[in-house]
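Listed after this line are the structures, all set down as structure tokens.
Two complexes are shown next, each including chain A; its partner changes from chain B in the first to chain C in the second.
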Partner chain A sequence: MQQPNQQKGIFASILHDDRGGKIFLSVLAVVVVLVSTLNLFVPESAALHVSTYTVTLLGKYLSFALLAIALDLVWGYCGILSLGHGAFFALGGYAMGMYLMRQIGDRGVYGNAELPDFMVFLNWSELPWYWYGFDQFWFAILMVVLAPGLLAFIFGWLTFRSRVTGVYLSILTQALTFALLLAFFRNEMGFGGNNGLTDFKDILGFNLQENSTRVSLFIITALALALGYLVSRYIVTSKLGRVVVAIRDAEDRARFIGYRVEYYKLWVFVFSAILAGIAGALYVPQVGIINPGEFSPLNSIELVVWVAVGGRATLYGAVIGAILVNYSKTFLTGALPEVWLFALGGLFILVTLYLPKGIIGLIEQIKKRKSAAQS
Partner chain B sequence: MKTLDKLRETMRRDRVFDFVAEGRYPFSQQGRHTVVPGQLDASHGTILYMENVTVEFDGFKALNELTLYIDDGELRCIIGPNGAGKTTMMDVITGKTKLDTGTAYFGQSMDLTRMTEYDIASAGIGRKFQKPTVFPEHSVFNNLELAMQTDKRVWQSLIAKLNGEQLDHIDQVMNTIGLTEQRHNRAALLSHGQKQWLEIGMLLMQNPRLLLIDEPVAGMTHQEMDKTAELLLSLEGKHSIVVVEHDMDFVRSIARKVTVLHEGSVLAEGNMDKVQNDARVIEVYLGE
Partner chain C sequence: MLQTTQKTQIKVFDTFVANNKKLFHKHPAGNLTVVFLSFFILIFCSLFTPSFAEDKQSNDNSAFAYAVNALNAKSFKAKADAIKIFETINNKQTINTLKALLESRLFYRKSDQLIVITTESENGYHITDAITENKLGEVGKRDIKKIRVNNKLRKQLRGTIAQLSLSNEDTDIRLNAVSEITKILNQDTIDLLRNALEKEKNDAVNELIHLALALWDINSADKNIRLKAISLLGDSLSQEARSKLSKLLDKAEDGTFLLEDAEIRNAAKKALTHIDSQLDFYALIEKIFFGLSLGSVLLLAAIGLAITFGVMGVINMAHGELIMIGAYTTYVVQLLMPDNIALSIFVAIPAAFIVSGLFGIAIERSVIRHLYGRPLETLLATFGVSLVLQQLVRSIFSPLNRSVETPAWMSGSLEINAALSLTYNRLYIVLFSLIVFFALLLILKKTTLGLKVRAVSQNRAMAKAMGTRVEWVDALTFGLGSGIAGVAGVALSQLTNVGPNLGQAYIIDSFMVVVFGGVGNLWGTLVGAMSLGVINKFLEPWAGAVLAKILVLVLIILFIQKRPRGLFPQKGRAAEN
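The block that comes next holds the complex of A and B.
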């Protein structure tokens, strides 16, 4: 994987010998164009019409796919198995949720222009200081990036510097998300407690129930996913990416050569957390709710399963895994609700035992066998 | 930490007046030299001084009054039975083990006892451990690229591009270690011997002045051994090399000068013939 010396433009050089990425981005583009046209311009009575429900569902999958890319960066490339990445996703979601909450204004049940409903319900008289500024969209977006980034920075700084690795680090990340789950459950925290934030009305003045808003959110999510993929791809093909893989495979050796291993880990971890936060921010307006359940350890573990199923350290593998597992989740929880958790567990065992490199690994194996048979 | 460093700098005995430093002092002439901090000074032809070094572990003297000098550009073999202190000696040089008494200097000016492992490595002492560790998922080329001496900070790595000079350096080292044909192969696919060479190549990418190599031919075939000997001999003169090795045939094939360690100190030193005929050496080592 040598750098192409000639300047070919940034996209070309990022996707240089990345066939999977090219296929993924093309499929994404086709799906987005097709789905939005079929929703907006085909009458509802027609057989080809795509319902708004489906559009939103797909948008949800795409935000999950972005989250999976974030995890693949730290797990697949840097070897940090984070079992708490859902926490960063949820923090980004909460930041967006707070903005949407403030947008409701006096249209809430209690008609209070300043305070969200749950605060009125708790008999609070004024807005807590950490809710200041969330009526501004730019501020909320800033927080979408800052909140997960800062948490990841502090957590990573403390753990990587003390050279906590492997299982111990995984357990710590799990504890992190669990602690946040408990904290956000408390009403006194001021984030809506058990119920979380919901009843959103509009975003930037556009009605969230409107078809066109839904489709726009879907398209924006797809764009964010594509951009997230390209940036991540740039990172993993840069020298930084090679150092990170080197750290994964032989950490002491990398340190001995003169790389400050903890800074590299920290950088990737923070970047990944920010990406997860952005995914969360895209998720919330589409599903219309954010509650502490998003912090639950189970969510983070499910996320690990997505990446494992798709195939680690390929980026597009994580996307495939996220979409496939979530599609089957939607299908199974509808058809056979009690089976879903067993299916998930079974899937994880199956993948660990027989598909250590996930679906992408399987495809590559089949390809190799074919070419071997031909020659 | 910063104040401590500053204090140290002020209290240095080897450099009282700044203005005496080369270039500033009008009477400093060619041939005379002053100490420049952080720069190797081997102007007297010796790159490593170890004098009366003793290292004790719970009463056991792993090194006992060891005195050893390595010349600049020399290829030196060190042999000795198990427990003779070979590994401890390497540990002292690389800063992994602190010595109890004695002095260890890299060149005339760098006190190894006061430097950290990281400082010693960046000052130009490279060490190859017995078991080869390379980055298995990276190609030979990328392994060498990562080992190169450049800015290794995170943001710089994100935008780093190889320039022509660096490419040439990689090609040149790849040629030296004989892995040009494996250029794009993953390191995991290399043979044991090739991994050892690659690791030596990774050390060379850092332009070290002194290379410490621990048992380079353990587990190698005869052909690989011959190639390793060739490789080490080709490095002689450009780098100072200290090889610790058990295999006597191999030592015979490369050694100009051999040092025999025994119970933590030097038992004999000289060319292979002289050492082999030394009665005490025969008794403790070669005769067994």
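The block that comes next holds the complex of A and C.
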């Protein structure tokens, strides 16, 4: 009897004072229910039918939104501008991709039950040791969490301990993802080189091309996003979260008061990397491919602009930014491919110069003006 | 002085007489006249040496013309006599003519029996008058006929060409001749070389002849000569010397040495290890040179950043695109002056400086000036600028790579010895980067602008209070850093293809250099760039190019653990936040 109450208590305390969060979660729930029903139960000929393509596209946006939350956590709340979060996303994606690769089995072009196609193509005779275990789903999920988490831990431990901050840290994170990009492009690395991992067939026995699988993945992504949001929200409203914000605003002062700044930073950084990895793992089965391009510094920096556009340090702002920017990207690269980079570049400049708090900041400003005018 | 002149004159006289003897050997009556005549000419010419030279020239010319026409004789015997005449007229034209004859490129024109040198063309031959060296245009295959030689003549020709080349006045021709002969060593050529050695005064040619003789003597029957040859070859770096020496150490199938004499074997072994250690040494120097040239590229790319980031504290992610604009400026300058590629570089350097500098000032005035003191926002906004510039270039010049031509004076290489040669373009890049570096250092230390830049970066408020136009200085400093980036683009356009992504490849590297060297310190940038270049080149053969780059990045991350402020940290008040 007591436990559900306590559960409710936690939820209530997380969402207490978070009107934006409540709205976001409600909208998310409505969209998910609506989209899945309209896809599954409305016949294709009907006007209201939502195509599977749209479902997958939305699923992709939602996984990006989760990634944006991860970045907002470190940038918005901890002041660490990571230009390498795409690396954690891609690592999670690769871990999932490796599982999906092993699931292909002997259905590949070369029909080798043990080796993925690209290894057969490279004349490899046996599976490299780091591919062991990826035929098990639980192991892959473990790696989705462990690989980005471990990298973030090592990198963060090295940099935070020696008090590398601000711009230096940003450039180092960019160098990190750049180094991984170069490494994953190499065929000898054993991750498919230039082409990456693709041609996935099924996940946990469900065909990836099937409608129901697609919708399920979409729903799972939405659930992960909601859960990610709640956990992140829980962290930032906890005592730990307050210390983290204090570190963002005055790192030296927090240190002098007696907090071990580097541990707090490390904790948030690693958690954020794991979140990004999970987002990547959700992204790969929906898109059907993971290649080294995901490591490119441009991807990571694009991710920064999602958060900046939505508004930092609000979490749901990051979600709005991610969805808005990605929607316009899909639209512009289809309609006017020449314009996309101009638009993205312009967005960077405009947001930093005129919208330092993003769309959410803009809305709040308008509200304040209204209430000021009323009184 | 006087002695040598006399000597040469006597020598000249001898040859002169000999010339004419051969020239007119079919006319014994004229022989005596010629001797007397030439004697008078000689006396006359000892008074006016220059005109004598001219006279010898004209005599040579008539002899040459006679000999060339004689080559078209019916019998091979007559041809052989004609070739003998050539032995006395030693110049480039003779050698060329004989070589043409040897290679069956000497023809006569059927219409007027004119002897011509040919090169094959699409519809026949391009012909050149063998005597006057005038180009006579193109003729069909039927218009001319080959002057035939047999094997005996060929042998004679080879000997004559070798001999003439070996005693030619031009040192380069002699050097070439010796290295040609070294490839076909036999008793005849060795005799030729021994004769040439007696007359040779040039050290470089002497050395080469000694080497060739040693290559021959190494198989001599006399043990002492052999040992001497081995020790001489030990000092040489040539591939032939190495293979000859290692042949001495060849083993039979059962593992015993083919050569029984242990003393010679040991000497050969010693010489070989000496050669190998020399080769290793030069390989090391070459590697360091490669490293330094890569370092210079990094230096050029990073030095503009050292100003905008190091001195002003502005993170300019569009720095790479300013480099790219400099490279495209080079491309445009070459389009504008296609006939003067060699000069275009010198036009492109100031042009790129101005174009990139103006772009830089525009960026500073429109974006960066609103963001001072907010480094993370500056980073994002300038990244936006870089995307816009990339797309701009893509829209104007197409996304394809453009290739910029390299001027002729930049290709080729400086050969220091057989084992070490440095390519000119790398050499120039090293020099150029150092020039740019020191010029920048001078600007910052010795000019009013430099003084103001340093004042503003150290204490902005104070500088303003003293009447410095801070905003103006900001714009100019940023323009300077950007202009230098443009100049780096000119240099890079000579090394790689020019494309919209050119800048992206260098931006991370240049930040690494600045961070590694220490922010706000130009010397740190120099040392940082050069050491990163050398480290990269030393890791490359061991780990491969890509892995080397990754390793360097990891090394920098680890290095920053130990020294968060780089190799040369700033000290004093400026170092405080």
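Going forward, the second predicted complex is superposed on the first by the 367 of 375 C-alpha atoms of A that agree within 3 Å, B and C clash if a C-alpha of one lies under 4 Å from a C-alpha of the other, contacts with A are read in each partner's own complex, and residues count from 1 in each chain.
Operating definition for what follows: contacts are C-beta pairs under 8 Å (C-beta built on N, C-alpha and C of every residue); 3 or more make two chains touch, one makes a residue touch a chain.
Every value quoted in this text rests on a predicted model; they were computed, and no experiment measured them.
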* Quick one: on chain A, after the overlay, do chain B and chain C clash, or do they fit? Just give me the call. => fit
* Just chain B (first), just chain C (second), both, or neither: which does A:239 touch? -> first
* Asked: When the shared chain A is used to line up the two structures, what angle, as a multiple of 10 degrees, is there at the CA centre of chain A toward chain B and chain C?
  -> 90
* To do: Considering only the touch criterion stated at the top, classify A:81 as touching first (chain B), second (chain C), both, or neither.
  => second
* Touch check for A:305: first (chain B), second (chain C), both, or neither? -> second
* To do: Using the superposition described at the top, determine whether chain B or chain C touches more residues of chain A.
  => C
* Given the touch rule stated above, what does A:366 touch, chain B (first), chain C (second), both, or neither? -> neither
* To do: Name the contact category of A:166: first (chain B only), second (chain C only), both, or neither.
  => second
* Which partner does A:346 reach: the first (chain B), the second (chain C), both, or neither? -> second
* Return first, second, both or neither, reflecting whether A:34 touches chain B, chain C, both chains, or no partner chain. => neither
* To do: Figure out whether A:260 sits in contact with chain B (first) or chain C (second), or with both, or with neither.
  => first
* Structure fact -> Taking every C-alpha pair between chain B and chain C in the superposed model, the minimum, in Å, is 15
* **Shared chain A contacts, counted only where both chain B and chain C touch the same residue** => none
* Note which residues of chain B are touching chain A in the complex, please. => 118, 121-122, 133-139, 141-142, 145-147, 149, 152-154, 157-162, 202, 206
* Structure fact -> So, in the complex, the side of chain A touching chain C is made of residues 81, 155, 158-159, 161-164, 166-168, 170-172, 174-176, 178-179, 182-183, 185-186, 297, 301, 304-305, 308, 338, 341-342, 344-349, 351-353, 356
* Structure fact -> Per the touch rule, the chain A residues reaching chain B in their complex are 1-3, 235, 238-240, 242-243, 245-246, 249-250, 252-254, 256-260, 263-264, 267
* Residue ranges of chain C touching chain A (in the complex, touch as defined) -> 315, 367, 370-371, 375-381, 383-392, 394-395, 504, 508, 511-512, 515, 546-547, 549-550, 553-554, 556-558, 560-562, 564
